[in-house]
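Every chain is named by a letter (A, B, C and D) in the order it is written, and numbering of its residues begins at 1.
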Amino acid sequence: MSEQEEFFAGISKIPYQPTAGPGDVMCFKHYNAEEVLMGRTMEDWLRFSVCYWHSFCGTGADPFGFQTLHRPWNKGNPMESAKRRLCAAFEFFTKLGVKYYTFHDRDMAPEGSTLKESNMNLDEITDLALQLQKQTGVKVLWVTCNLFAHPRYMNGAATNPDCHVLAYAGAQLKKGLDIAKKLGAENFVFWGGREGFLSMHNTDVSAELKHMANFFKMAVKYKEKIGLKCQFLIEPKPKEPCRHQYDYDAMSVIGFLKHFGLENHFKLNIEPNHTTLAGHSYEHDVVMASVFGMLGSVDANTGSPDLGWDTDQFPMDIRNTTMVMKTVIEQGGLQPGGLNFDAKVRRESTDLEDLFIAHIGAMDTFARGLRNAVRIIEDGIITDKLKERYSSFSHGLGQKVEDGSATLEDMEDYIQQNGEPNVTSGKQEKYESIFNHYI
Amino acid sequence: MSEQEEFFAGISKIPYQPTAGPGDVMCFKHYNAEEVLMGRTMEDWLRFSVCYWHSFCGTGADPFGFQTLHRPWNKGNPMESAKRRLCAAFEFFTKLGVKYYTFHDRDMAPEGSTLKESNMNLDEITDLALQLQKQTGVKVLWVTCNLFAHPRYMNGAATNPDCHVLAYAGAQLKKGLDIAKKLGAENFVFWGGREGFLSMHNTDVSAELKHMANFFKMAVKYKEKIGLKCQFLIEPKPKEPCRHQYDYDAMSVIGFLKHFGLENHFKLNIEPNHTTLAGHSYEHDVVMASVFGMLGSVDANTGSPDLGWDTDQFPMDIRNTTMVMKTVIEQGGLQPGGLNFDAKVRRESTDLEDLFIAHIGAMDTFARGLRNAVRIIEDGIITDKLKERYSSFSHGLGQKVEDGSATLEDMEDYIQQNGEPNVTSGKQEKYESIFNHYI
Amino acid sequence: MSEQEEFFAGISKIPYQPTAGPGDVMCFKHYNAEEVLMGRTMEDWLRFSVCYWHSFCGTGADPFGFQTLHRPWNKGNPMESAKRRLCAAFEFFTKLGVKYYTFHDRDMAPEGSTLKESNMNLDEITDLALQLQKQTGVKVLWVTCNLFAHPRYMNGAATNPDCHVLAYAGAQLKKGLDIAKKLGAENFVFWGGREGFLSMHNTDVSAELKHMANFFKMAVKYKEKIGLKCQFLIEPKPKEPCRHQYDYDAMSVIGFLKHFGLENHFKLNIEPNHTTLAGHSYEHDVVMASVFGMLGSVDANTGSPDLGWDTDQFPMDIRNTTMVMKTVIEQGGLQPGGLNFDAKVRRESTDLEDLFIAHIGAMDTFARGLRNAVRIIEDGIITDKLKERYSSFSHGLGQKVEDGSATLEDMEDYIQQNGEPNVTSGKQEKYESIFNHYI
Amino acid sequence: MSEQEEFFAGISKIPYQPTAGPGDVMCFKHYNAEEVLMGRTMEDWLRFSVCYWHSFCGTGADPFGFQTLHRPWNKGNPMESAKRRLCAAFEFFTKLGVKYYTFHDRDMAPEGSTLKESNMNLDEITDLALQLQKQTGVKVLWVTCNLFAHPRYMNGAATNPDCHVLAYAGAQLKKGLDIAKKLGAENFVFWGGREGFLSMHNTDVSAELKHMANFFKMAVKYKEKIGLKCQFLIEPKPKEPCRHQYDYDAMSVIGFLKHFGLENHFKLNIEPNHTTLAGHSYEHDVVMASVFGMLGSVDANTGSPDLGWDTDQFPMDIRNTTMVMKTVIEQGGLQPGGLNFDAKVRRESTDLEDLFIAHIGAMDTFARGLRNAVRIIEDGIITDKLKERYSSFSHGLGQKVEDGSATLEDMEDYIQQNGEPNVTSGKQEKYESIFNHYI
């Protein structure tokens, strides 16, 4: 293997060509990294990240079919493949022009037959990662530990009925935090794919939630001990693979964190495909997390609203990206989080170039969302209408409600004096029409 | 009108006839109020309650059709009808043998043209209610204010963009709390049917949540002031009529309450038809609320899992009631809450006797659930298996996890010494088969 | 009442102003009726129609709240209101610039205490309708009979267990067909809102389906007898108000029609909000009906994909309208069908102008969809790629498969000679990116 | 390898022990094969079948985790494993006491590097199967070809855009039909897991449907040619792995078959987990298929109604099995179809005995359903109520509706003479209560 090996031969750095034609899919038509909008570059607003597992480890296997994706970097023994894969990934990041990536410990380096061996593998491959990061300037948006794929975790990791398994998860997590520090990860994500249940009959929910909380507390303690500066993030998902996962959606996680006194140590990594599986609209959890001061990062993908499982498609709907970017701008950006493409090319998209096409399409979709959101905010028409709509809370009784000093007796007095309120149109269709103007 | 008027002529007190045949639907075959199970009467465990709105105010109208239910108590002017309706209801409660009822302020007495007139109507009708309660021994399980049906509330009550509407809701709530005290209600419920949004475009979510929290705080303050002893309950519902309601499910409400420091003043009233609309299994929110110490009461109804709206059917599935009653027994009962039949006869069930048939069928279904749950708990087979499953947390490292003293370093040490954990079957099908033994 | 009464004072004919600003919602920015695209005017491609029930009879009541919409045309006794409403509607059609409307018999004229009286009411009001049609040039896209709202139909109309009710439905239908002829309706729609069941326990599905088929056959016979030239359409809906409706989706209706030999007499009226409730994507049933040669008309509305009931919102998503219009163009247009706005302003949209804003917003959304679809088709990039994708069926073995002469033995021979086929990328993301170019 | 090797050591033939206790899960408490109900043995009514793929080939891998199930029969090279697996299966069938099994061609024998090699493998293994069938008396309920797992089928088999792939599917199918004949299969199933689309953008729906129909016609022709006597069955599924599958549900397939003139050659194999994914109730497609004379066989499994993917759980709900068996009895049985357990133990159910426990639990659940259904039918209370409900169609106008001679004019005359029909209660709750008596 040679680091100089080129995996995406014939593909150069993806250019910005705003006037390219409909069939030109290997260039950006909207994403112009250095262009400044509202005081920041597009790159800074969007903080795009490529995910390692789908794009470099994905095989195309699904529950009904075998591997369809055969990648040139999978050659040699597992460790050789792992290095080749990493080089391919950095070639991809660089050609695509994305500054961040994300990975699970077990994506990066193969699991060994013992924890020790796994850790050694991880050390060896992350040495290469560190070197490639320095060479290219690409950084780690977040690391996470895969605590769900190995059979030992089938009944849960932090919520396993057997403490031995929990211990294994803890040991693995310890190493994951060390790696995060080594690579300068800006965030660390917890996704509890097996933290939940398939059946209430064999589950002690109360015990499992307590164990999960204590597991998080150990992580916080160790993070502080080693001086790891990154942001901890929990990624909600309602179900799949479990029938029910404890981190169901943004509000469930917020409730859990506050119940166990963990709310100051974690924010949320929202994946819209998980949000829609929980029965919400695409942008819902992004908005709710932001409102509660808990929006840390976004897994920029999409599902199909008529499907009941996680399809992790590349986001291609401009309405959705406009809503997300409007929220992001309104909270002042996502940093240290970003927009991570937790998305996979369809298993039928077997060409190597499909990886580029998919990312470019999604980046342009988010760039259009950003441009739209900026225009909406700079024009101020929707904002002003909204401000006017809530204006009664800026004075008199409304102000007392705002500052918490109003009482039910005040309310009764007010109605006795002022009688029935006027009915005021909510004007939803007007808001929708104005919004459509920007799409 | 005469209080002696009989509305359910030909129907006597519903008897317990355990050997009745398949076609006998006007007797209990399983519910035997005075029978003692695990140290309590069935009546005490089940604390059944009839809801006033569906069973006495329901018209059978739906979004696609007009009124189908024409009740004999609707005669005379609104206040005369209201009194007749109340007498009919108490006749029903007594003949059915149920000790509790629930109502909205506006079910009980017609809304007047001013708040003052509405309050006078309510005073007059609740005088009669008090008298009927004393005569019959039937009590109020909970009262709630209808803050969603009047057009003034179309854009929300506590979350309305216009503070004038919030004031009206507050004034109405004040009276509702007074009435709760007057009638000795054991609980008071808040259901926020319009507290949410149809469109994010015209909504300031952050402001609305704060207003809702402050509204609840005013309620707590006034409750304390007047010495009202009842339990406050919030009833989650994910959507309908709004596209999104803030009280989405149990965990959402718990998150909200904790965020605003309200968790000691409220528990939850769980309606399984709302739980399933939120994408959970029937018993999910009953269990989750109980685990978090927040299960206050249950609205005993059901939906059809293939439908996406609230059908408020009478619960007829014994598996479901067994799961609910198992949780209720395990937390030591629901008191001061109960099982309120927030259920309506189908609009096609136009016979007066259908009201009895439906309640009897549901009460027997819950009685079977109770009997099953008692057998499960008394046999102890499932409990023992579960205890064994989590036994590793009762000593050594497990105990340290339990008491919060374990660290990631402990975990790593443990794995270095003990290696890979054994894979242990979750045995879901075995649990299901044992459970089925009791159904 | 005076026909000259103006209900939408201050609103003139809605102009086309392509350069209007974001806040200008009372003009068309995209819909230019007379503009010619692919050889037809936009008006001809789109064939917009306003529905009478939502826009002129809707009250804003929902299952949780009372009337919010108080329209100026509801004044005087029911027949006076009916006339005023009709005049208001024609004023609206004219100012909006829409050439078609649709109605139920019972929207147009109030039901009397007998069938005879109802028919007389209908005669009287349709005399006025005919006069207004002549004055304005506005025409009837389709008529339908309301066979679901009256309590007599609560257990079904054509599928009622009581033949007396079926007879009533037949009598009402006869008059409906007469009215369709009188007013020159171009189509006649059957929507079976109560043709289905809430419970299998009390339902003889087999008998009900046969009765429904025979009911349709009577309609066909009477249509031929009176020389009514319009197209018959069935509108699928999966559920609501019933738990299950027999006309579940496009394929269900096609199966039913073919089973009973009715397929030559009916086409389908597809409502996308019904399509999504059946678990399909927005455009699915439009495409499937078209593929089977059965797409007759479209009820142009939308739901929210996260909701499980029919919200009948105005369609505002350009992606969706692009997909629909692409199918419409590919099948050569919808005539004699059209795009009927079976949509209602939200109950909170209480201003009279909201009716205009909503229709304008939706018309512009479809106009953008049409413009996009035309560009896609005229550019031919997607079409060419698709043609290439299936090119193996134009010769050799592929041609034999096409013409039905190939056998399994041919297949085996082919594989013995040619071996394993190549894997070819499906290139979904590339298609999506190209499609996005046009949005 | 030795055919005498015992894989389920320590497990004898599962006995019928009706008085066994709650924790006894390795015996039947309800299923008594030879017991006669309504003139047939339970075995004859139920015609249970074990599926080969889940129970003998399943690995426990899911999209988020690796293999958890390590079976003792997987030893040696692929062909040795295949033989060992087959022996294990027949040991299982025999000990469980089930007379039928089902399999895909590729479950039974490994795919070779060429079609010829695959066919040779299949020949060799089915020789053994034939021998084991003769030894044990166990028979093939149905065979099916796996036309979805191999990467060549990723874009469809019969609906693949490349005719070369369709040819491969045809060649494979030819062999599958030969094998069906060889083993005396009573049915042959077509499940079109990849016959559908992920995106409309890259799909020519019309062409694909025609190809699929022609593919079925070739199968019919070849079946007739070789004198294969079995019943052809299509198994509907709405989605997964595709976004949309053409065989969406029972009615979709019926529509398709009738459109292409195939309805006399196929019946349906209904899988309730697929039915619920299509938005229907558990029993819906069983009933609809039966009503249309198209119910051929049932894949006896279940999903969780709150999940949006196929979980293939063992059916454990007695209400569901009662509904299914009532329909089966009413149509006179399922023969030559049966109840095939297309169900898999959870991936966490790693003990070998879990395979038995799961099947026993499900068989007992269906046996209880059968017993309940028999009692319902023999008592006749529900049937009589239903007959009475539709009695108006047995004479007069009703009879004319039944025989198709009634006209709309008859209807109108009838109403003019008889006026408004009476409103009759649907009595759903009464039916539910009576039904519950039998559960």
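Just so it is clear, contacts are C-beta pairs under 8 Å (C-beta built on N, C-alpha and C of every residue); 3 or more make two chains touch, one makes a residue touch a chain.
Source: prediction; values computed, not measured.
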Considering A-B alongside A-D, which chain pair is linked by more C-beta pairs in contact? A-B
Separation of chain A from chain D, taking each centre as the mean of its C-alpha atoms, in whole Å: 40
Taking the mean of the CA coordinates per chain, how far is chain A from chain B in Å? 36
So chain A residues touching two or more other chains come to 68, 151, 154-155, 198, 239, 243-244, 277, 279-281, 284, 304, 306, 346, 348, 350, 423-424, 426-428, 432
Are the chains arranged, by touching, as a line, ring, star, complete graph, or other? complete
Residues of chain A touching chain D in the complex: 60, 62-68, 148-151, 153-155, 193-194, 198, 239-241, 243-244, 277, 304, 306-309, 346-348, 350
Contacting residues of chain D [partner chain C, same complex]: 114-116, 151-152, 154-155, 161-171, 173-175, 177, 198-207, 209-211, 214-215, 217-219, 221-222, 238-239, 243-244, 248-249, 251-256, 258-259, 277-281, 283-284, 287-288, 291-292, 323, 382, 385-386, 389-390, 392-393, 396-398, 401-402, 404, 406-412, 414-416, 418-424, 426-428, 431-432, 435
Quick one: in the complex, what on chain A touches chain C? 21-23, 25, 29, 68, 276, 279-281, 284, 304-306, 314, 316-319, 345-346, 348-351, 354, 357-358, 360-361, 364-365, 379, 381, 423-430, 432-434, 436-439
